[in-house]
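Have a look at these structures, which come just after this line.
Below are two complexes that have chain A in common, paired first with chain B and then with chain C.
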Partner chain A sequence: MFAAVECDDVCMTAGGRPILRGVTFRVEKGEMVGVLGPNGAGKTTLFRAIAGIGLPDRGRIRVFGESPSWRTLVHTALMPERGHLPKWLTAADWLTHARRLYPDWDERAEKRLADEFEIRLDGWISKLSRGEAVRLALVTCLARRAPLVLLDEPFTGIDLVSREAIASAIVRECSGAGRTVLVATHDVREFESLFDRVLFIGQGRLVADESADSIRARGQSVAARYREVFAK
Partner chain B sequence: MTRWSHLAALFRFEWSRARGKYDTIQARWSAPLVAAAFAVVLAAVLTRLESLPWSRFPFVMLCAWFLMSYVTVPRAVVSRDDLYLFALLPYRRRDLIFTRMVVSYLRVLGWLALGALLVLLELAVIGRGLNPATLHTWLAMFAVLAIAAVGLAAEAAALVVLRNTPGYRWISNGWGTMSTVLILLVGDDVAARGPLPTQHSVWFALACIYVILSLACEGLAIRALTRGTWAFGEDVPAPRQSVRPVALGSRFAGAREQAVQAGRKVDHPGLLEAYQAARQAFRLAFPHAMLSFHPRTTNRAPQRGILTAWLATGIAVAVYGWKTSNPHAFVRGVEAGLMGGAWLWSFASGAVVAGLVGDMGDWFRMLPVRKDGVIAGFGLAEAVTMLPWLGVGALASAVALLHHEAAQAACTEDALSVLLALVMGVAAGAWNTMMSAALFTAGRSVGTGWALFAELAVAVAAFAEGGRLVDAVEGAPWPLVAAGAMIFLAAGTMLLAWRLRVAARQFISP
Partner chain C sequence: MTLDPPWQPPPWELDPSQPLYAQIAHRIRVEIAALRLGRGTRLPSVRDLAARLRVTPNTVMRAYAELEQDGLLETFRGQGTFVARDERLAHRARKRIATQALEHVRRVAADLGMELEELLRLGADSEGGAEEDVCGGGM
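And then the complex of A and B:
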C-alpha cells in the first residue's frame, strides 16, 4: 500500500544554499497535514519538490508510489503561495481554459466554489485584489478532483471572515472525497481543529512530526505548540 | 479526453497568452503600422544612401520588416510567474515547450506573410510585377526567413527558462544575436551594388545552423524545466559581496523633511517660486535615486554575460582593424558602431528602469520626493551600463590604430575623433536612457510604438552615418559646435522634463 506522500532524507539546494536538509516523513491517504514553520523554513521548496517542479539533490520523494514529475501533477493540485494565474485573461476565461486543460476538472465544483467565494468572473485577473486572486487560485485548485492537494499559504491576503468560509470549503471539498491535503501556513487558528497531523519545519529540517491529537492530549493547542517549537 | 485534445487545449491557452490582454483593434494594428512605416523609411534611406536601383527597395524593406518581428512577436516577454503557471500544468515538459514554439512559429509566419503582402503592395505602387529574373532570389529569401522563424520560435519558447536558470543564463545572452546576424547578412547581400546574388547557399547554411542551435537550446530548456532549476534562479545570491546593500527607503528618508519644507515654502507660488521649488525637489530626488540604483546596475549577474559578449565583439573588431588596409575608414565604422550601439543599449536600459519602477509599484508611489526626479536618477544610474560597450569599442580602435604604422601620422587625429564619438555616445545615451525610461514608465500605448520607431530610426542613422556626423562636428568651428550643443542641451532638457513629468503622473494615477 503506497503512502500519499513519502519523503526520505530529502535535500535541496538553491544557488549553493541548502534549503532542505534531510527531510523525512510519510503522509497517508486521506490525512490532512499542516506543514508549519517560520518564513524561509523551506515549506514552499518542499511543496515544489512534492509537486515535481524541482528535483531534490539527494533523497527520495514518492507521490502515490511514483517519483514526482509531470505525471504526478495529473493527480496533484498545488496552490502556490503567489497566485500564478494568467494575468492576460479574465477570471471567466481562465476557468474556461482550466476546464479544458485539467483532465480531472469538476465543473459543478467550479461553479459552487466560484459562487461561494464570490469570484468576479468578468474582472481581469491582473486587476484582482490579492484576496480575490487567492480565492480564484483556490477555485482552480479545489475544482480539480486531484487526490493530493497542496495549499501553500492559502490565507495570505484573506480577511478573517473569508478565512473561515475558505477553511470550511477546503474541508468539505477534500474530506468528503477522501483526499490528502497538505497545508503550509502561518495562520494555524483556522485549521487548528482540522489537522490530523502537523509537521514543524525550521531551517530546512523537520523539527517535529506530531499528531494533532497527541498535542491536544497534552492540553496544548497547535498554535501553542508552534510557539514552543520555534520560540528558541 | 485524448492526448490530442489536451494538446489542443494547451495550444488554445498558449495562443491566448500570445494574443495578450490588450487586444484592442488599435493595439492589434498599431504594431504592424509602425513596423511598416519603419521598414519603408529604412529601406528608402538605405536605397538612397547606397545609390541602389529602386527595384532593390522591396528586398531591403522585407529584411527590415522581419527584424521588426523581434519587437512585435513576443519572444521572451513571458514573465517568471507565467512560466510557473505553465510548469504546474500536468503535461509533458516537451509538450509545453513545443506548443509554445508552434504558437510562436505561426505568429512569426503570419508576420512574414504580412511582409509578403507589403512587398506585393510596394511592387504594385512602383509599377513592377514579380520579375521572373528576381523570382529566384525572392523565393530563396522567403525560404531562409521561414527557416529562421523556426529558430525565433524556439527562442520565444525557451529563452525565459534559460534566462531564469543560473547555469544556462549565458546562453540566452548570445543566442538572440544570431538571428540578427543572419538577417543583416541577407540584407547586406541584397543591398549591395551590382547584380543580385544568385547563390544563396550561405544564407541557407547559416539559417540551418541557427535552427539547429536553437533546437539544442530548446532541449536545454526542457531539461531545466524538468529539473526545476529555473524555479530557483531568483534565490541565487549575488557573487560579488563587496557591494553594500542599499535600503531605498533610508536613502530617501532624509529627503522627506526637506521636501516637505520645500512644499511649505510655496503654498501659493508664483512662476519663479514654483520653478525654484521644483528644482529644489528635483535636486533632492535625483542624486538619492542615482545612489540607490547604482549598486544594482553594477551588480547584475546577466550583465556580466553581456559583458563577455561585448568583449568578444571588441576582440573581433580589433582583429578586423588589425587586418584592414584603410584604418581611417575602420575608425569611422567604429565610431558609428559606438554611437548606434550606445543609442540602442540606452533604449533597452530605459525599459529596465521602467520594469523596476513597475516592480516597486506602491513603494515607488510612496517615495516622498518628486517621482520624475527618481525616474531620471534611476535612468542616469542605469546609463552606466553602456560604458563597457563604448570602452570596448574605443579600446579595439586604439589597438588597431597603434598597429598601423602607415596610419601613425593620422593616429592622433583619429584617436581624438574616437574620443569625440565617445563623448557624444555617452551624452546621447544618458539622455536616451532617461527618455526611454519615461516613455516605458508612461505605459504601453500607440505612442510608445511610434517612439520605438523613432528610436530605431535614430539607431539605424547612427550606425549608418555616425562616423560622418563625428567628422562633421570635428571639422566645424568651435563656436558653432558650442552653440549647437547648447541648443541641443536646452531642447533635450525641456523635452525630457516634459516626458518625465507625464510618465510620473501616469504611473501615479494610471
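And then the complex of A and C:
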C-alpha cells in the first residue's frame, strides 16, 4: 500500500538560500495532518513541492506512490496561501469556469459549500474581503474530489465564527471519501482538534512528528506543545 | 423500516489537553448509563459527528470502536451505529461509573484522614460559603 504522501530527505533552495533541509515524513491515506510552524519555516515551499509545482534539489517525494508532476495534479487539490483567483470575474463566473477546468468537480458539493460559506455569487472577485476570498478559494478546493487536499494557511484573516464553519466544512467534505488532508498554519487556535497528527516545521527542518493524542496523553494541548517547540 | 433521525449530542466543549477520542467515548458512555440515550437509538454518522465537534473522523471512529468493544454500541453495515439493544449493558456501565466515583471519593477521604461519612457530612455542611470557613475567615 502506498502512503498518501512520502517525503524522503527533501531539500530545496530558493535564490541560493536553503528553504527545506532534509525533511522526511510519511502521511497515510485518510489522515488529517497539521503542518505547523512560524511564517517562513518552509511550509508553503513544501506544499508546492508536494503539489508538483516546485522540484526538490535533493531527496524524493511520492504522492500515492508517484513522483509529483502534472500527472499527479488530478490527485491533488492545493489551496495556496495567497490565492490568485481572476479578479476580473464574478464569483459565479469563476465557479462556472472551475466546473469546466477540473474533471473531478462535484457540482453538489460546490452548491452546498457556496451556500454554507455565504458566497455572494454576483460579487466581483476584486471586491472580496480577505475572508470572502479565502472562502471562495476553499469552495474551489473542496468541491473537487481530489483524494489529497493541501490547505495553506486557510484561517488567516478570518473571524472566529467563519473559522468554525470552515473547520466543520473541511471535516465534512473530507471524511466521507476518506480523503487525506494537510493543513499548513502558524495559528493553531480553535483548529488543534482537527489533526490526527502534527508535523512541526522550523527553519526548513522537521522538528517533531507526533500524533495529536500522544501529545494530549501527556496532558498537553497541541497549542501548548507548539509554544514549547518554538520557544526560543 | 424507516430510521428515526439520529441523536444529536449537545455542543460539547472538549479539553484540548486530553485525548479527544476518550472524552467523546466518555460523554457517550455517560449518556447511555444515564439512560438518556435509550437502547436502539441511532448515533450520528462518523462524518456528521466529526463535523459537528470539529474533530477528525479517525477520532470519532476510535471513540465508537471503544464503546463497541464495551458492548454499549452496535454497528450494522450500511445502517449505522446504534445503542446496544441489551439494556443490561447500560445498567452495568451505570454501576461502573458509580463505583469509580465512589472509589475516588474514598481516596480523597483517605488522603484527608477521614471516614467516608465524615467527608460527606463535612462536604454537605459547608456547601455554599465553604470558601470563607476554610480560609479561616479571610478579610
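Throughout what follows, the second predicted complex is superposed on the first by the 232 of 232 C-alpha atoms of A that agree within 3 Å, B and C clash if a C-alpha of one lies under 4 Å from a C-alpha of the other, contacts with A are read in each partner's own complex, and residues count from 1 in each chain.
Just so we're on the same page, a residue touches a chain if its C-beta (ideal position, glycine included) is under 8 Å from a C-beta of that chain, and two chains touch if they have at least 3 such contacts.
Keep in mind it's a predicted model, so treat the numbers as computed, not measured.
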item	value
Combined model on chain A where chain B meets chain C, clash or fit	fit
Which superposed partner A:Arg108 touches (first chain B, second chain C, both, neither)	neither
First (chain B), second (chain C), both or neither touched by A:Glu192	second
First (chain B), second (chain C), both or neither touched by A:Arg17	first
Which of chain B and chain C A:Met32 touches, first, second, both or neither	second
First (chain B), second (chain C), both or neither touched by A:Asp93	first
Per-residue touch tally on chain A - higher for chain B or for chain C	B
Touching partner for A:Trp124 - first (chain B), second (chain C), both, neither	first
Chain B and chain C, minimum CA distance [Å, superposed model]	27
Common interface residues of chain A - those touching chain B in one complex and chain C in the other	none
Chain B partner contacts - residues on chain A that touch it in the complex	14-17, 19, 48-49, 51-55, 69-71, 73-74, 76, 78, 80, 82-89, 93, 97, 100-103, 124, 126
Footprint of chain A on chain C - complex, ascending	14, 16-21, 46-48, 50-59
Complex contact set, residues of chain B against chain A	1, 5-6, 8-10, 12-13, 16-17, 19-21, 81-82, 84-85, 87-93, 166, 226-229, 231-232, 235-237
Touch list for chain A against partner chain C, complex	30-32, 164, 167-169, 171-172, 175-176, 190-196, 212-213, 216-217, 219-224
